[in-house]
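Down below are the structures I want you to see.
Both complexes shown next keep chain A, but they swap its partner, so chain B is in the first and chain C is in the second.
Presenting the complex of A and B:
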């Protein structure tokens, strides 16, 4: 490519590896995408991906990340209308007919999507599925070997459900690289995986890039993941690039308030304090049908002035790093952002924990020597062995570990969704515990409105209609949902709204114990922070005790003063959260800590 | 487990048939003895038939005879019901098999053709809805009127043309036997006779199956794995046939299994309209004659056919979805 200092798309990675690289494998110019229903999903995106380069695409859900990726592959939803250009290795994907787009995909692209369980065909053998992308059986085996899939020859005849989550994701990756494509789209490829698997997957992807020279467009909502894997990162907001550059520069010296906000709402493994509110971005991304005329971030931006709403800010060289940003006030607010970013990235000394002193002796939940074995006809599987734990009244315990370590089983036993095979489960006074699931959408009855869903729960209290209605309004306000939402059905809500409804339903009749199964892992950083803040308020104001299952140590730290680390069905370490994270005693805890993607470590 | 379940279903069926047979107001002894028989003769007949015994004894007795394949004697043909059924069943099974084939073909063809939005699918879908709601006797009569009376393309009824060479043994299935005995002209004659009744029987289930398959396919084509297949650069046709179809068969198979019940009920109507010499025609006459043993026998046999067919559907579902195999 021609390197032109004034061309905003010509910012290359600082690493010499990609410098002077050949032609770009993908070029997006002034791309607009309008979807049926008046959604303006992309609003003038410029981006270039060099051969062998990994570009990270970050932003909240609804920012257009996925739409940009799908547009490049020519897979935008039916009825999409384009303006501008999206070139994939010589084919302009917005104007080409479907057959030309298909051939371009076949020859030049691969894709890995978030959930390997649903993204693989459940009724087709994995050998056949990879075979559809590879030229020969040998190529299938080779691709599987390249992604570190053990014993590929023997496992070609297996179905996806016979594989673990990590292996399924490897099959997806093998499929994506089997044809040696120029570009692989990776849409949240590690979000459904636990930290250790995430770490191995990221390493694998980098290795594949080095070995095969394949370029990658890596979509993620996790800034630390982007920092770890990407050569360049583009922050997307409301269908536009807000900031673009090398991750170490962009994340250390953000020049767009949105990037700074995302950074600030990240959870850290040290520093901060558990009782106050986490910094959040406040509000949600704008409705893509009713976008403001000026800077799209203006309604949420703490630095907005009149100039901001005059017109769409263009992507121009940043005053703070060699990349680009789209904030008209970038130069003026630079000092403030600098201070904020320093705060967000600082490894402050751990706080003196001032969690509410749990009343001694009273437990909201106590498990003693709990055992659980799952039996199927062919084999037995020990899920939990000899687990004892206590959640004091009003206290919070986080249960962490890799997938399959038994933490969810414990949670299900605690709320009586599962029966313990041995040992004792005792609940404190205050009745049945409530539960919040990871996938809030599927736990909400689809044909009921939010108000009906909540009413169903309050009805058991024997209150009058007026009183019930007042309670519902109160709870909605409490979780930050508008009255408008009350009349909607779950399918019309966003992921964050659904999670809030699930939470509202769990607490409208305050339980003594709230059991949470990864309630934040599918959410954007900013939404995760909102949910965590809600949980904290629940504890503070209503004295609800929490049993919190997660694979994310930072989330565990943000909600619970006590942590129990599980491995292979046993608790291997337990103690005060900050102490355990600071001075891990067990191998498992160290491994988990090691695997957490961290900008600090990436740039050290 | 599955076999045990089938046995339980069959046992329940047998018991219901038995109970129905013993509580129906029509007095079997009177039917056997003939109209105008004296009370003494009827009482004598009751004793002969064991009808004076308590219900429990009669039940055990009934089960015992059933185990030996004895369905007692028909009132109106005066032959063992088992023999009557053995004679009529092959024709019905042929008809049923042909109907199932047509159901599968139309169900699959129309379901797949309408799954993707194309020009004309709206019209086709309208036809589907309309077609699926026409009762089977209307269809039968309409077909007869149009294709026999107006166009003369197909025969009015029966299984073979009068005067065609008759074939007998070894299987009892005319279609199979005619081929085994090297008489293709009979084979084609039977096939020609099959078209109208089988289509009349199959049309409603076929359209229902097509609709179910269509909505399943549309769902599957929106799933993540379909997107993966497209991302691989597969043709839309291959996405549908290779990926979506197999994942969409569960619901249509279930519908097929259920609709088979409807077909079995429709058989009496269709065989009567088309003079098809199967058990539908037999039961029609048995009902007219108040022939309780014959009705009970046919009910039992149809029940068995239904249970077996659904077992086959179950097996097909297992074959289609490897995930179910682990649960089974």
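Presenting the complex of A and C:
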């Protein structure tokens, strides 16, 4: 059931469902959710999901998108207090007892979460797990076939750890659809996957919707993913809907400054330049414990005026598209937003060969014919074969490829965490290379405070205590952290703060080479842009060279003027980033490029 | 059954509180008892009515004639001797557990962090230690060096530390593959600091758990050895030895052997209950 983009009423949530034609499978009305500990996670959400409709839910972490999904499924955390209604096909989930909620869930809903490994039971065979959702063996096989699981019959007896990430994901989806639910909740289902797998998964989900008519609530922080899959998209901010409508309208003509900000911090595959600062949303995602009385976006909003703090802006028809928005100044600021959005979506051809020729001379890192084979008792796995690359002093090279292509191994060899099995590794002059890890949280020793972690690093410089302390304060300020953070342990920090601390530790003694392992992949768009800006400043101000591993071509383009594409342990293409992305020579590069979700392509 | 994904309740915000309240009444009693026993054991010289070797009257007086527990076969105050015995048993067990844990920590940490041949050699030694028949070693030591409390404690420690070394080594191996260890290495942290600041605190909970669960078992083992004459030689007040010496009077004056036996039982049970509680607490949080 497609919604008509030109009829504002079709997106008006409060409209009661009439004629059987478009009965909503889920309706949320004025929903508030308070969690123990004073977190007001949802603050009056209205949303309706019609049969067979895919609704995208976007927003930064802490915006309440996951809580909204869980509330609809009656899975809100213990101790949660509700106001308002959340209907899942005839059951009001906020008032129903746990048995009624379970029944409603079992009959009408399915769910897929981000990490298939933790959501699957590792000790249970695939067939048995799907069998808990499906009625018979035939139904299990059918469900697996529907999600394109290869040779389901033969694999029923396998355990989750025997499957690849992509196949585990499919098992999860098969479980979610096995009972033919009316609604499937998908919470960041593709975030942990690389682009090519992400593309396949999105296609699969759309296919399932068309085939089975199942409605989906698709939670993601990636606007382009939402644009690609959703029929309607709701932008959530601080537990409220900020903007709601058809993605092509909302993202082309955003009427809420928050949506516009999210769009502006997105990275494009073309256009823009690498030296200036990326547009970012100022500040961090809101702290749901401390929200302003008026518009929740007010502290970060470049357009805020006094009217904004008078009260919570209501969700009203947008002046710029047939959907709704919750900005009191939407009509006044429309022209400015229009210009901004045009800039964010512009597909200007990049300047040809703008990058300066790397100065022939000193290299920050040089790898020559590097090999690496991992041996375990029973088998050998060749991770890297004959890789040669150079990162010039102060230069930046991005290594891209699918998961398992060997890019992380190269990175670890470059910083000497791993020894090369063959070939030569040469580091240029300057201190020991540093690294920023993919999961910043787990790269910080959990029982040490931020100050201890940083101090440990400066200590190697042989400075006095006062000098060290001054350096720590300076570096924290440089990455945009306040002094209070110094006394905290990592578990008390937000994801963005952890990434900044990790960065601070890596640069408090400026290295000649900084290796980065997907430092932005787990971050919200606004935070990713902040991290990329910090890396750019690092190059500009301190002349640090970057070796940057990512599976995201847009991120690669934003940080590095040179790119090397890897596949199965080898470098298959290498050159100036803009040229490689514009005129890909290898099959692998083309595949990666095609898989990138892109609003521009979606609407072409 | 419903799909696993839906069956999982989302993580609650108050895991810690939930676990604390999940600590059953038995475990809470255990923890309280262990604390109480430690305090009492430390204060015994102040609270015991008489010295452990002091003759206070006729032998074999009943509790009615001489409070609280009467006198033993040579006229010493049984209650005071019981307190001193409890003190000796409890502290002996604590000493063995601590010594075992410290040795185990050092060896396990070294093996786990260094890896390679150091790991192989140390773990071979540890496995050999694990294979030793504990009581027989203790008997051999006592026979070779003469019975004394110190010898027994050394003998038991020798067979005890390998358990901790195994545990610490396992934990250490799991910690050194985590990114924070690599990150610290890259930060240029020295080996000692790496081991003590970035690994040890993570391995500690497992050792504390093991040690607390072991405490009760050690009380029993030490009492058993002392019962066999492999502890401090008489007339030292030791619960095992007292029970053995009092056996003769089991039918005429049953409280003389039963009181020390009962004290052993209380110590072991309390330590066990507390250990279980501590394990639940540290493992789940």
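We adopt the following convention: the second predicted complex is superposed on the first by the 572 of 604 C-alpha atoms of A that agree within 3 Å, B and C clash if a C-alpha of one lies under 4 Å from a C-alpha of the other, contacts with A are read in each partner's own complex, and residues count from 1 in each chain.
One rule holds in what follows: a contact is a pair of C-beta atoms (placed from the backbone, for glycine too) under 8 Å apart; a residue touches a chain by one contact, two chains touch by 3 or more.
Everything numeric in this text was worked out from a predicted model, so none of it was measured.
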>> After the overlay on chain A, what do you see for chain B versus chain C, clash or fit?
In response: clash
> Which of the two, chain B or chain C, is in touch with more residues of chain A?
Replying inline: C
> Touch check for A:113: first (chain B), second (chain C), both, or neither?
Replying inline: both
> Touch check for A:159: first (chain B), second (chain C), both, or neither?
Replying inline: first
>> On the A-aligned overlay, A:133 touches which partner chain: chain B = first, chain C = second, or both, or neither?
In response: both
>> On the A-aligned overlay, A:447 touches which partner chain: chain B = first, chain C = second, or both, or neither?
In response: second
>> Is A:457 touching anything from chain B or chain C once the two structures are fitted on A? First, second, both or neither.
In response: second
>> With both complexes superposed on chain A, which partner does A:122 reach: first (chain B), second (chain C), both or neither?
In response: first
> Just chain B (first), just chain C (second), both, or neither: which does A:73 touch?
Replying inline: both
> Thinking of the overlay built on chain A, is A:36 touched by chain B (first), by chain C (second), by both, or by neither?
Replying inline: second
> Regarding the shared-chain residue A:434, is it in contact with chain B (first), chain C (second), both, or neither?
Replying inline: second
> Of the stretches 63-71, 207-215 or 315-323, which one in chain B hits chain C?
Replying inline: 207-215
> Common interface residues of chain A with chain B and chain C?
Replying inline: 73, 75, 102, 105-106, 109-111, 113, 119-121, 124, 132-133, 172, 175-176
>> Looking at the complex, which residues from chain C come into contact with chain A?
In response: 1-6, 8-14, 178-180, 182-189, 193, 197-198, 201-202
>> Which stretch or stretches of chain B touch chain A in the complex?
In response: 223-225, 227-236, 242-243, 246-247, 320-323, 326
>> List the residues on chain A that touch chain C in their complex, please.
In response: 35-37, 39, 70, 73, 75-79, 102, 105-106, 109-113, 119-121, 124, 129, 132-133, 172, 175-176, 178, 415, 417, 432-435, 437, 439, 442-448, 452-453, 456-457, 460, 502, 505
> Which part of chain A faces chain B closely enough to touch in the complex?
Replying inline: 73, 75, 98, 102-107, 109-111, 113, 115, 118-124, 132-133, 159, 161, 172, 175-176, 185, 376
